[in-house]
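Across the two complexes that follow, subunit A remains constant while its partner is subunit B and subsequently subunit C.
Take a look at the complex of A and B:
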């Protein structure tokens, strides 16, 4: 029996990132994945004969450069894709370059205003970003490094003048609607940033702190351009393959189709894991790259964890809000007023702040809106293998689809799908006639397919009370957990979800650095 | 009045009596000469019944009946009950045999004591946990991941403490056959009318004594049964003040009197680890994981324990309650949390919390500052204090089996 230094549970991109980094440093790493393939949310599925979805994530906007380097992604700049804010009545507004370096379809004055807002938000996101790529400080034992990070953030904040520092503190916990109203007049642009700020989060644009979601979005970068988004060559599935290849060449042993049923522990120390087959594998270090709640509520014996810790874990808010619709289309869809090449970007249906807010309101009460907001991509344009020649796939992430639908998803799902198709029809007239097949994944389906508690992409709400030193809970915010030898590395850990690889990267770094206790 | 409203009002009757009366209140009320009540966990409980001094001597020379119904009682049942309690509490519950009682304590994640209490193993999967403070939310949250049922039974089970040298004879006279076999910390069930009474050889006095638990419906008949049997054995009802004297002599601590419980503390530095309140002997480092384990072991290893609980013997005869403890007459090193002049030990005794290393490595030259009020004038007394082992009083009859008869 081979022995391993580290066992990683979960072959999502964070698990693969952690495995690769640890493997490269010479650790013997075993990665266990319950599904038949690694890749997690980057792994696709066939939803209609001959039609595949690339993955749960359908565009990449925050892959960390060091993670990209680690997995050997080509250094060449990926093509930055536009964001199109669709309009039901007129022409769309288009953000080109990295989050609208240039804007099309808006007045010259509005373009100036947007660029002012963009610059402000990117500056602020730049300050926040300093904290995303380091382990959260340990309260009560703040290190010189932490102090240096605070000082440099502070310096950068006031470097541009006190006014800028004041504005940062003023805006940090504001809602996105007020900020949009402050800067912009065009409803399409306001609706777009309201949508981007709240996508994947249980907040409406007028909910306090909702601007933070947009800040988080803008801490992402692609090819060195903050706020940019791109599609990897060959689609997101190609990215999954790159992660896997990197892990394999780092010497990581990967076992797919292997469910971990227990993390073995004795007197507060990790001993290894047990598989569904009954096999037990011992290792001094276990890294759980799956949802923190699944880790602690299903894999670890409650008798090995303390009450306060389990209580905190149980109270992590992790109810998903986003549904995923896949359509198999006879031909490439045409959205009104959108240039053919812009169909390769991201199309957003969010007419105004009110539209997003009204779409959110029913979600508070366990219902979905009759007029939801969504972002759309046409994945087959980047990866033609997803659909037969001439045909196309469409992917839509639809907000807000409550995890616990009052009427139950069994009854609600066909109705919701019709609602979404009606919205699509309004923006791409005739699209309904070309639909060959479809699949709607509600948060409940996402939970079942991707083993994410609550079907939440971020493995826990990305809101102020669940960030930094409180992500996923305070006692496990530094990747190590109260169970010695067990580390967390999923999106549920700092800094959060999205295809960044950072939770896995930072977890591995912190294992390599050795826990300062 | 609408029927709905009437039903709601009927369900809120407890509002009319904010201070609940215990199942034994009808008897206590009749006996009370001092009419001196206080509130214990929301219940009306006696400070004294007729005379604290005489009540104390009932505990030590005759027998005393004390109503412990307001004490919190939790019932923990289910296949995981033992594992659940082993994770919850400091001692190894696997070593607690059916029919035995364990004095124990439990901590939060930071190793701060939430409470101490007694754990009764009624059956393999059936436990009763008795304590001072309310813990239902903590106990329920502790059940995450365990197959157990946690129920509060404070208001459905009445409790009596029968303490003192003649207590055994009273139980015998009352017809509890087989009670002679009970060893300290052992329990057994006895028939009482058409119900059962659980009698354990436990108590809070350091004397020979028993605790009896019975469904509230049988409370008064149990009281009467004991009362009748105790007539010729000097049985008296007592209040808390007398019991408090006995418990200080026995060196027992009381939550939120001798230490602040973790959930009761408002200030971050008030939590206490077991080692800081004299409960280090409860911590079983060999048993499986338990709440607070890491924090306690780390504090021991790093020597970051800040306080220590000690017994003091103080010169003179004036109780030093809440006096400040000094080292070399100058440096403040702690506080007396409980003190009496002990009639049995004939010594002026106290329980005190000191700041380490005082009481640990530095144990000499201590004194306490007593302010004695003499007709509206304080007389400040600096009295020498010496650290002595607890209990201050050790009685052979507490453990002798079978107990002596009277």
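Take a look at the complex of A and C:
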């Protein structure tokens, strides 16, 4: 039986981040990935002969600066891409700079209102942000560091006066629709923030706590600018390569195409893992960078865990709502009223708050929306290698498409694809004629393809009751688990999903801190 | 002339139950209080009226459980005629002709669950334990003024420390569970325990009554608690009927108030709050009469008070902005029905006690949520959720012998119909939706109807004065609870106008016939006047 200091299960970007950090500290690290290559949701796929998708994630907006440094991403300021709120009837509204430092296509008065709201939300996100890069505090054993974080959050809350502080506590758990109505009048902008707040989350804009989704987006940054988004040179796949390279140079042994079937444990202590081939590899520390439910419900012997813990794990809500559409296009698409260079940004179809809310309603009952909302990018503009010369790829994240469709996805998929193409046609007339091929991945497909339970890219709903000390469950919220030596490092852990690398980063840090103690 | 006019110590705007509770406490503390009520009867939404001969209607609120026992005792309400009759039972009718019965006794209830699912019956023990634990934490909060986290005054800081200590009595994992509970939807919460649709639907109803939220909205698990905190005769979570209808609560309060020398003026509609040098000095009634007072307390909701009764110029901009954006969207309607005989429900076994409690027809959470989708779109629910009771089975005083009064609380019912005002035709169509639903489960129901009163948010606003017909004087969402209710920085019953206070359900801890807002407001006023609160018993932990 071979042995390592640490075994990492899952070669997604969080697994790679944890591996790199632990490898750098001098440990002998083995990373095991079931797929043929590492990178997880950053890894691309060919969906039509000659056309590739960069990865499930199609834009980067929250890569942590320390993680970026760890993987050697250029320190130079990336180009910040615009967000375009498409309109069916007239001109789109465009947010330029970091989440709309400047707005185009709206009235001067509306631009002022948007900038006031943006300022307020960024301020509030700034308070929340300090909790994202630390382990969740341990209730009952709050450390000096935690106290300092609370004190500094408290200080920041009143830094701009009591009224801003009061507004923070008032708005924290509000719904995004009421906030949008309080500040804005333009349906395109209201629809956009309603969409951004609920993307990837099973909430409608009128559901209480939905504003938190927008706060979460605004805690992200690019090149030091909060709320900004960019595309790495060479596209998302280039990022996957950077993560892999960093791990390799940290001395991590990577084995792809290797499925872990069991985490070996004895009387509450982790001993190693067993592979599908029957091979066993021992290590005192195992880091699971895959979905927490897969970790505990399929890899660990139930006898090693308590009933209460298992019940809590089973209760994690993790059913995806987002489908991914890839189109192979004969030429670069043109959306009505959108400047050619703005096609490199993010195009959002969400006409109004009601549009988003009505798109959400069917998802509650296991139906897909007949008039979905979506965000679109044209990945081949950043990475021409994705499509043959002159041609283009289009990627759309479409919601709401429930993981479990009442009628079953086999029957529903062709119908849903038609619905999505009809919406696209309304905003980019004639686009249907240029479609050479397409691929629609429902949450069920995403689950199968990327090994994410429920096809949920956050590895668990990013809702208030599944955050901080309750992410993924209270007994495993600080990366260590009730099974000694087993750690969690996926997006299912604090602070959640998106290409940030933070769950992996924090998990590795807490392993290192634990050993020092 | 001003010098000859009587000047009261306190002028109370509105004689709802909270206004009366506050007035009672203030009068007992030695102040001279006048209550001004626009209607010809007191009680606000806790009222009984005879709209057809021989029948007493509980027009708005219809069951009594949340009313704080401490207040009942302090104000000697039983001596003033209040009697609460606990009731047993209830049923949810399912579409396939079966029913889920409910019983007050935990074990009987559990046996009924077992008839549907053994697993759910087992989960019920766990569920009851977990919810009771949450009640235990929330209950002591009700009868305290919410601390202001930004005031930095010693009193607020010590109150925050008190609450933190209270929280510290729980284990870390219980605290984590509490944080989840407070922000979850009732639907998600119930999914963690139960598998049977009708059981979940039955338990979910307390999470949505009176709120403009569906069972799948985060925060509705907390609303559940809001309805569970009640107690009748020391039995937590139990419900009862006030003998003689809900007006009996108000009559007892009025009688207690008058016994201590308080003045009630009915038919006195307040038009404006009078201010002198930025301080409240009394009110002007419609018709021009002035009623002067050293202090003015408003039992009206926060919007009515500050957007209609107070001059905008007396209020800071931020405050006004927040009052305007305070959410009080009506979500419920009501049918009050006089029946010439007891309706029959063939699904129930003959002689079942279940008919004496709440009866419902919504057998799945999905149907409830779809009913909410209609409300979001500005329509009343096509398949509404109805909470129906026939109190005359236990309280024969409300109808002639052999005849019955039935109260149907209906959700959801929007404050406007697709953006426009309600018409009488809309109201009739709304009533028809409800009646036909009942008739489906109770053959011959229509023929028993002698008289009916239909109330949409329009009627509730017109008569009771609740803005948009919101029965809680403001939604119970996080941004409008505790130190945020009704306005951050003004959650301690005081207002930007010196000498003007709020005491209605717009303030902490919110709606329901609970009396806590009125009591807490009285406590703050007495504190400002440096009068003791000896005659006010402190909150006790009951569980």
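Brief remarks on what is shown
Basically, the second predicted complex is superposed on the first by the 512 of 517 C-alpha atoms of A that agree within 3 Å, B and C clash if a C-alpha of one lies under 4 Å from a C-alpha of the other, contacts with A are read in each partner's own complex, and residues count from 1 in each chain.
By our rule, a residue touches a chain if its C-beta (ideal position, glycine included) is under 8 Å from a C-beta of that chain, and two chains touch if they have at least 3 such contacts.
Just so it is clear, the model here is predicted, and its values are computed rather than measured.
Of the two partner chains placed around the shared chain by superposition, neither subunit B nor subunit C is touched by A:46.
Looking at the shared chain after the overlay, A:116 reaches neither subunit B nor subunit C.
When the two complexes are overlaid on their common chain A, residue A:370 makes contact with neither subunit B nor subunit C. In the superposition on chain A, A:297 makes contact with subunit B only, not with subunit C. Once the two complexes are laid over each other on the shared chain, residue contacts for A:463 go to subunit C alone; subunit B is not touched.
After overlaying the two complexes on the shared chain, residue contacts for A:170 are found with subunit C alone; subunit B is out of touch.
In the superposition on chain A, contact of A:309 is made with subunit B only, not with subunit C.
Judged by the touch definition given at the top, the superposed model places A:475 against both subunit B and subunit C.
A simple residue count on subunit A separates subunit B from subunit C, and the partner touching more is C.
Across the two superposed structures, the residue set of subunit A contacted by subunit B and also by subunit C is 311, 475. On the subunit A side of its complex with subunit B, the touching residues are 265-268, 297, 301-311, 314, 475, 482. Residues 138-141, 158, 162-163, 165-167, 169-175, 178, 182, 203, 206-209, 311, 315, 317, 357, 361, 364-365, 463-466, 469-470, 474-475, 477 of subunit A are the ones touching subunit C in the complex. Every residue of subunit C that touches subunit A in the complex is listed here, in rising order: 149-150, 171-173, 175-177, 179-181, 183-184, 188, 191-192, 213, 216-219, 318, 322, 325, 327, 366, 369-370, 373, 376, 477-479, 483-484, 488-489.
The touching residues of subunit B, when paired with subunit A in their complex, are 83-84, 86-88, 108-109, 138, 141-142, 144-146, 288-289, 291-294.
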